[in-house]
Every structure is written in C-alpha cells, then in structure tokens.
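Look at the two complexes coming up: chain A is in both, with chain B in one and chain C in the other.
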Partner chain A sequence: MCLAVPTMLTEKREDHGTVELAGVSREVSLLLVPEAQVGDYLLVHAGYGIAVLDQGEAQRTLSLLNEIASASLDT
Partner chain B sequence: MAQKVMIEPVTRIEGHAKVSIILGDDGRVERARLHVNEFRGFEQFCRGRMFFEMPQITPRICGICPVSHHLAAAKAADAIIGVTPTHTASLLRELMHMGQVVQSHSMHFFELAGPDLLLGFDADPAKRNVVGLIEQQPEIALKGVMLRKFGQSIIAALGQKRVHPEFAVAGGVNSALTIEARDTIRRDLAARIEDAQAGIAIAKAWLNEHQDYADTFASFPCGYLGTVAEDGTLDLYQGKLRLIDCYGNRLEEFDPADYLDYIGERVEDWTYLKFPYYLKLGWPGGVYRVGPLARLNMCSGIATPLAHEEWRQWQQVNGGKPVQGTLYYHWARMVETLYALERTAQILEDPDVMSNDLYVPSDQITRRGVGCLEAPRGTLIHDYRTDPDGKLIDVNLIIATGHNNWAMSRSVEEVAKAYVDGTRLTEGMLNRVEAAIRAHDPCLSCSTHAVGQMPLEVTLLRGDGEVVERVVRG
Partner chain C sequence: MSGASSYRNPPVVAGLLDRVRRLAVGRAPLRFMEFCGGHTHAIAEYGLRSLLPDNVRLSSGPGCPVCVTASGEVDAAIALAARPGVTVATFGDMMRVPGTAGSLSDARASGADVRVVYSPRDALEIARACPAAEVVFLGVGFETTAPVVAAAVLEAEASGVSNFSVLSLHKLTPPAMRAVLDAGEVRLDGIIGPGHVSAVLGSEAWGFLPRDYRLGCAVAGFEPTDVVSAVVALVEMVAGEEPAVVNAYGRAVTAAGNRVALQMLEQVFAPADREWRGLGFVPNSGLQLRPEYADWDAGLRFDIRPYSAPEPPGCRCGEVLRGVIEPRQCPLFGRACSPASPVGPCMVSSEGACAAHYSEAEEQ
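So, the complex of A and B:
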C-alpha cells in the first residue's frame, strides 16, 4: 500500500526545508512547492514536497491514518 | 489469533528499502528479495463503511496518486449502483486522470530518474540528485516543474480542492468544466507537449548511448499487463485488460470485472505485499509487470499521432517483441506523458465535454463493484462487495506496486548477479539496486523520503542464513 503522510514544514531555506511528524524530521526539496510556508502541511514523495495541504485537510488525513493505525486487525 | 497491529503514520516516513541477497553453495548470487513491510490492514479498515465514501477515503491513504484511487473507487461505486456514467462524466474523469499521469510521470522522470541518467550511476551521491541536476542543467529540471504544475492545474480545475479531489461520485461527477478552465488548459498544451518531447529526446539519447547497458540491466522475461481500448490501442482510463507473454503473444483479453478468473495473489512469509500472477500459468510462471514499460509492450498502438510515432520506434527496439530492460521504463514514461497531453487536447475538443449531463441517479445496490484503470505506475483494481444497504463487507485493492512486486525483487536479483562478486557490497552496486527498484516507481515508504537517495538496507546471506555482510545507507 502506498502512502503520503502530511508532515509539517518547520524550516525553509530557499528551495529546501525541514518537515516534521511526531518528532521525526526530514530534509525535503521544495522545488515543486515553492509556495510552501513554515507551518504548512506537506505531502512528501521521494524527498520532494509534492503538495501543500490546508490545516483542515491535513488533520482529516492524519486522524484517518491514526484511526487505521489503532484499529484491531486480524493478522 | 487476533493481534493488535500498531503502525503509526510516522513509520511511513521512516524505513529503508530492505533487500536480501542470497548466495548459493557456489558462492554466487542465487536470488534476491525486496521486503515490503508497509502497513497493511487498510482493506479491513474499510469494512463496515458505506461504499460511496471510498472515493474520498482511498485518496487520503494513497496520497501519491490520489486521483487514480479517487477514480478507481468511483468506478467501483458506479458498478455497485448499476450505472454507466454519461459520456461527459467519463470524459471529465479521464481528463482529470490525464492530469495525474502528466504530473506523476514528469516528476518521476525529471526529478528522480533524471539525475541517475544525466549525472551517471557512479556520480558522487551528494550530487546525484536534482540539486546536482539543477546546477548542471537547470533548463531540464525546469521542464519537470512546468509539466508537473500543468498536470496539477488540470486536477485543480476539476477537483476544486487541489489535493484530495471531491469530484467523482457514484454515477458520475459533481461539477462541469468551465470555459475558463478549458481555455487555460488549452493555452499551455503546446508548450507542455514540447517539454514532454524534450524528455523523450533525453531518454532516447541516453538509451542509445548506453544501449548494451540498458539491454542487460535488470532485463528478464515476464508477462505484461495493461488496458486497451476496443481497437487495441493504449487506454489509461477504461477498456479491457490485456495480458501478453514475454514473446508478445496475447494470453488473454478480459473485462476487468472478471479479474479473479485470471489473476491470483500469492502470499510469501518474508514480505507483506502480495504477488499477483496469471492463474493459468501458475506461480511463478505467470508473473508479469505493469506500468509504462508493460503498457507500451502490450498495446497495438497509440491513438494520438505523436505518441504513436514514438511507439513505432519502441517496437523496433527488440524486433517487435516486448522490451525487457528495466531502464526502458523511463522512455515509456515520457511517451505516455506525451500521450496524456495529446489525449487532453482530444478530450477538450469533444463536443460533449462542456455539457452539464454529469450524473445518472440510481437507487439500486448490486452489491459488487470492480473499478479498474491504469494509474501512472500501472493497473489499479478496486473490488468492493457490500450488503443490501451498501455497507462494505469486503474490499480488495490490487495496486501497481503489488503487480510489480515480483519484478522488483527480480530486478534486484539481476543487478546483484551482475555486480556482486560474492563477498562485497559496493557503493556502485547499491546505486544500481536503487535504480532498478526506482525504475518501477514504487509507492513504498522507502521511496517517499530522502532527496536523491533511497535509504537502503542490503543484507548478503549464505544459503544457510548466515549473514556475510550488511550495509545500511541513508
């Protein structure tokens, strides 16, 4: 299953930045999302920010992912 | 036994591509495995929800190509309510899909594959990324940015909300194309077609110059699966699934709704991701690939003139037989980008595209629906079963990365056989393992982070399981 988890942009340096989720930070390229601002949520693929999500969108996705993560599953 | 599986979203931005290379008694590479330990259980999670929620839920899970899942889910939902969407609704969905294809393919080619091809596999890893590419050939990286933006603008024009479209619904779509949106898309088409052609030229020049390499790098026989229109030409949105063998013989052509009669899913204990295969040839004889390489191999032509001309050249690579070299994916990806742009122009010229005949209502519940299309990475199948009220009781998704699961391991194996001398894992070999996996453009967490370099964990093992060497990179 593929994946794209919203991560928050915490630092921006020209076309590079740092995103963070639950204490894990990653360097990403902002080449494809030059409009991204610190505090925005980004979808990241292969080290590139590929989309900027608004707060509501990001929260809806994160809560859905958390719901899945904590579901009891038969293995 | 029911076991609680906790997989936090954060694990999906971590993780390495885990590869095992297993040596035979003679000390030579015998086989290789790509372990996929992604989260699973999404199908179970969907049970109990209403079928019409799926076009909204699935794009949130699979955010790399949200439109593909959005549309496959909507197509499955059409079938559940027993409706064939109007011509206008189909055109608009396909238009959105073309936006996704352009966006996804061009990003892969210019931003991910480009540095490998243009800067070389043995280039300094610190430079073998888009930053290095921008320094050396800024105009090429820019074409990727422009194409991606263009694809995104089509999705935005139809989907209102850019990232997670709420556009396709069971029975059709919920908004018409505006004249302004149509004209904006049209205005930039010619320039983007030139960008795609520039990408094709880069891919072809590279393959030409490195032909021996490309013909042997991760090259192996297998079947190829993709979707064709009535006349056998490539179709990325709808049609029949066609499966060919490694010689190009047609094995099957079938309605995607009947996929269970043709495709089985093998489970192995060393990876979470299942292995689809062609039932009649069994496992592992019935393995096949999907995606751009597979599609150009299995179709009988392309219904747009510029892309068709490229396809004719493609056919000559291996004397009319399927092209096996994994690096040819890159050329195929750009030919499909060109097709998607030309197809966008065709759709916008269709007299029905501006109509308001968007939706067919229904109060039926047929209790089963299969939605299938060609996502950028390959064939995507959503299969839902519901109770009489439309509540989901079973969900099966086969994603492109799943169809290519066997091929990715096999590609690594081919690379390992060529570049592992039995005891050492070199940096150049790791770069090539990465390139072999990445050519399939998998949507795995290992491919979702780290600019320019896929985090890799490669273990070299003897047949008895003893570890000879383990290298972790990234």
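So, the complex of A and C:
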C-alpha cells in the first residue's frame, strides 16, 4: 500500500512533471516535493512525488554496506 | 544509484547475513517486528526469513492499511456505493477486503458503481468528467497516503469541484505501534520501522520506542540489503549499545520528514479515534477531515459513519496483526483461507502476513 518506486524526473512544469521508469513516462504531481529538480530521483506514491532521493546518502549507504559485508566475510 | 539492483547485490546481502549470524550466535532467541506490510512482502519475496539464523525471528505487525481496515469500515464503503448516483473510487487493494456481508468487489458485481483508481487525482478527474455523479474516494492508508489525499482535497477546493468527497479511513502508525506494545502480548527485541511512512513522518517520530519502551528501531527501505542492514543494526543494539532510532534508509528518510507533506496533511485532517481490525478502538489513531473541509467529507455529506462490526467467524487476522500468532497457527490458514479464497484481509493483500507466508510456503 505504501509502495513508492524511485523514478527520475525528466520534465518539470510548475507543480507537476514527468517521471520515467524503465522507458515508461508518467505524469506526477510535485505539490508535495516543490524542491524537486529535473534529474532528481523521486519516490512516487499514488501519483504524487513524496520524497526526493538524496544521492549522496545513497552512495554513502552503499559504501557502508559493502564495507560491513566484506569485513564480515573476510574475518 | 537509483538502480534497485545496487541494493540487491547478492554478495552484499550474504555479507550482511553473515554479520547477523556472528552477532546473534549464542544469544537467546531474538524477535523483531517489521511494522510495515511492505517489509512483510519484501521479506517473503526475497526469502529472507529462511536466510536468517534460527534465533533471529521476524514477526509481522499491523502496518498493512488494507488489513487493519475494520469490517464496519468496509460495510460503510459498501453502503455508500449502494446509494443511487454515488460512484466509489478506491485503490485496488481494497476491492476484495471482506466486510460483514461481502466486499466492494461483490458490491460491484451486484451493480454498484465502484471504480479502481491509481491516485485520488483520478477520482477527481472522474468527478470533473461526470458532474452529475457524486464521486467518493475511499481514503485508506497511513501517513504516506494521507498527504496525497489532502492534496487532492485542496485541488478540489481550488478548482471548485463540489461533487468529489473523501470517506476518510486513514490511520496513524505510531499510535498503533504503541497499542501493540501496550497490550503486552508479545515480547519484542526491536522494531523495523516503516520506510515510506517515515519518508513523510521523519525517523524522529519513532523516538518514543527507545525512550518509552527501551526498544531499538531501524527505519528501513524495501530492498534486500535495506532490510538485512536494519536487522544488523537491531542485533547490534541488542548486543550492547543503547537502544536508539537508526535510519537505515537515509536516501529517502530524514529525521524531520517531508515538512510540506505534513503541513498539507495537518491543514486538511485532524486526529480522531479509530477502530483497527485486530487492535480495536485506538485513541487519536486516525484522521478525519477538519470542519473547514466538511464539504469534502463523505461521512458528513452522506451521513455514513463506520460502526463496530464483528470479524469473519474463525478468522484470526487480529492476532496475526498484533504479532501474537504466526499465520500458520490459524486453523483456517491454507485450508478454508487462501489467496484465491480469502476469509480475512491478511490473506487478501499481498502485503498481508498470511498472504506473504502462504507464498513462502508455496515456494518451499
């Protein structure tokens, strides 16, 4: 129910825009994420962007998980 | 980075599982509750339950909005759909949820105008296209969904659409979490916090878990590494650190949440007592439209209020939702109750614990 899929914002027109996932375009409302910019990844829920993904955090999480995983397997 | 594949990397999942095993070895059995139905679904889909060590168990919580919609609330929606001239628009998951006398799907088969929509904006579009119809959107969902519905109400107000209204059955997650813990029926060692609820609400909303219950909480995303890294964080907390709220979904969740969404939610809705399937009436655990938005309140417009109604005979969804029993401990599980022919809502929704356990059993 709280399903929200990360999709890239490809166009922004005032309070709505177009997102693209796997080659499929979809209209999305940006009323809840006015800060979203073209190129951002949004979590889209029921036709509305609800969060802009933080790409720096995403990178840090991936590096940290890699570290934890390899440290555990190497010892 | 957006690619989900980065978070499904099998060697990383294996490494994280190895870390869980090392931390948990020799410990008394640990039990964590995944609050959110989306996690229940992900755990089943990736077979994570069977990959965890025997002394680390995951139990499903009440975080499946469809599952916790009470029988009386489904009955109210069906009663609305039976009114002449009323079109009920709903998310698809609600169609097969049983009330005391059938589901919305049954009502549609008997001639009621019930339509499945992807977004409340679609319901608003139907209202614009059919000015003679009274279009009622069923507002089902947690803090993730309520701001979206609030935004649709504000759009209806701004564009003067008066034949659109909302039957608000929205529910709030922290009061439900407290209700499960206050009941004292389950002993838990930590909580996997809901990812998309927290994207709106902020991870700080779970601060009461360490403060009032001495329980760690790890807010998690929905990919395998997200869920397993949350389990790592919870076992680490049990293993010595102070319980705290760990944000293991930093790419989507901040401490304070989405202020714009919360402001919109609070503008349109006010807290109200609500009945939950399995939890009964919980004070201030739901949302009703504020008096300023009474024109869009379907409950007032059609004078329909959900009443308390019994659950299906023999159905133990309530105990499953509170984590008191595992789905297969219900005598109906896999016999009288299956996804093809569900008795209770936990078998209807793919996020329901019973449906998730059923699909795991099928695969084994």
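Following the convention adopted for this analysis, the second predicted complex is superposed on the first by the 53 of 75 C-alpha atoms of A that agree within 3 Å, B and C clash if a C-alpha of one lies under 4 Å from a C-alpha of the other, contacts with A are read in each partner's own complex, and residues count from 1 in each chain.
In this text, a contact is a pair of C-beta atoms (placed from the backbone, for glycine too) under 8 Å apart; a residue touches a chain by one contact, two chains touch by 3 or more.
Just so it is clear, the structure is predicted and the values come from calculations on it, not from any experiment.
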Between chain B (first) and chain C (second), which does A:32 come into contact with in this model arrangement: first, second, both, or neither? both
Once the structures are superposed on A, label A:61 by its partner contacts, choosing first (chain B), second (chain C), both or neither. both
Let me test your reading of the model: by the given contact rule, A:51 touches which partner, first (chain B), second (chain C), both or neither? both
With both complexes overlaid on chain A, does A:8 touch chain B (first), chain C (second), both or neither? second
Tell me which partner A:17 touches in the superposition: chain B (first), chain C (second), both or neither. neither
Touching chain B in one complex and chain C in the other: list those residues of chain A. 1-4, 29, 31-32, 43, 45-48, 50-51, 53, 57, 60-62, 65-66, 68-73
Would you mind writing out the residues of chain B in touch with chain A in their complex? 1-10, 12-14, 38-42, 44-45, 57, 60-66, 107, 111-112, 129-131, 134, 141, 145, 148, 161-164, 397, 399, 401, 442-445, 447-452
Mind listing the chain A positions that touch chain B in their complex? 1-5, 7, 21-24, 26-29, 31-32, 43-48, 50-53, 57, 60-62, 64-75
In the complex of these two chains, what residues of chain C are touching chain A? 1-2, 4, 6-7, 11-16, 18-19, 22, 36-38, 64-66, 91, 93, 118-122, 140-142, 144-145, 147-148, 151, 155, 194-197, 199-200, 225, 229, 232, 248, 250-254, 258, 260-261, 264, 349, 351
Interface residues, chain A side, partner chain C - complex: 1-4, 6, 8, 29, 31-34, 41, 43, 45-48, 50-51, 53-55, 57-62, 65-66, 68-73
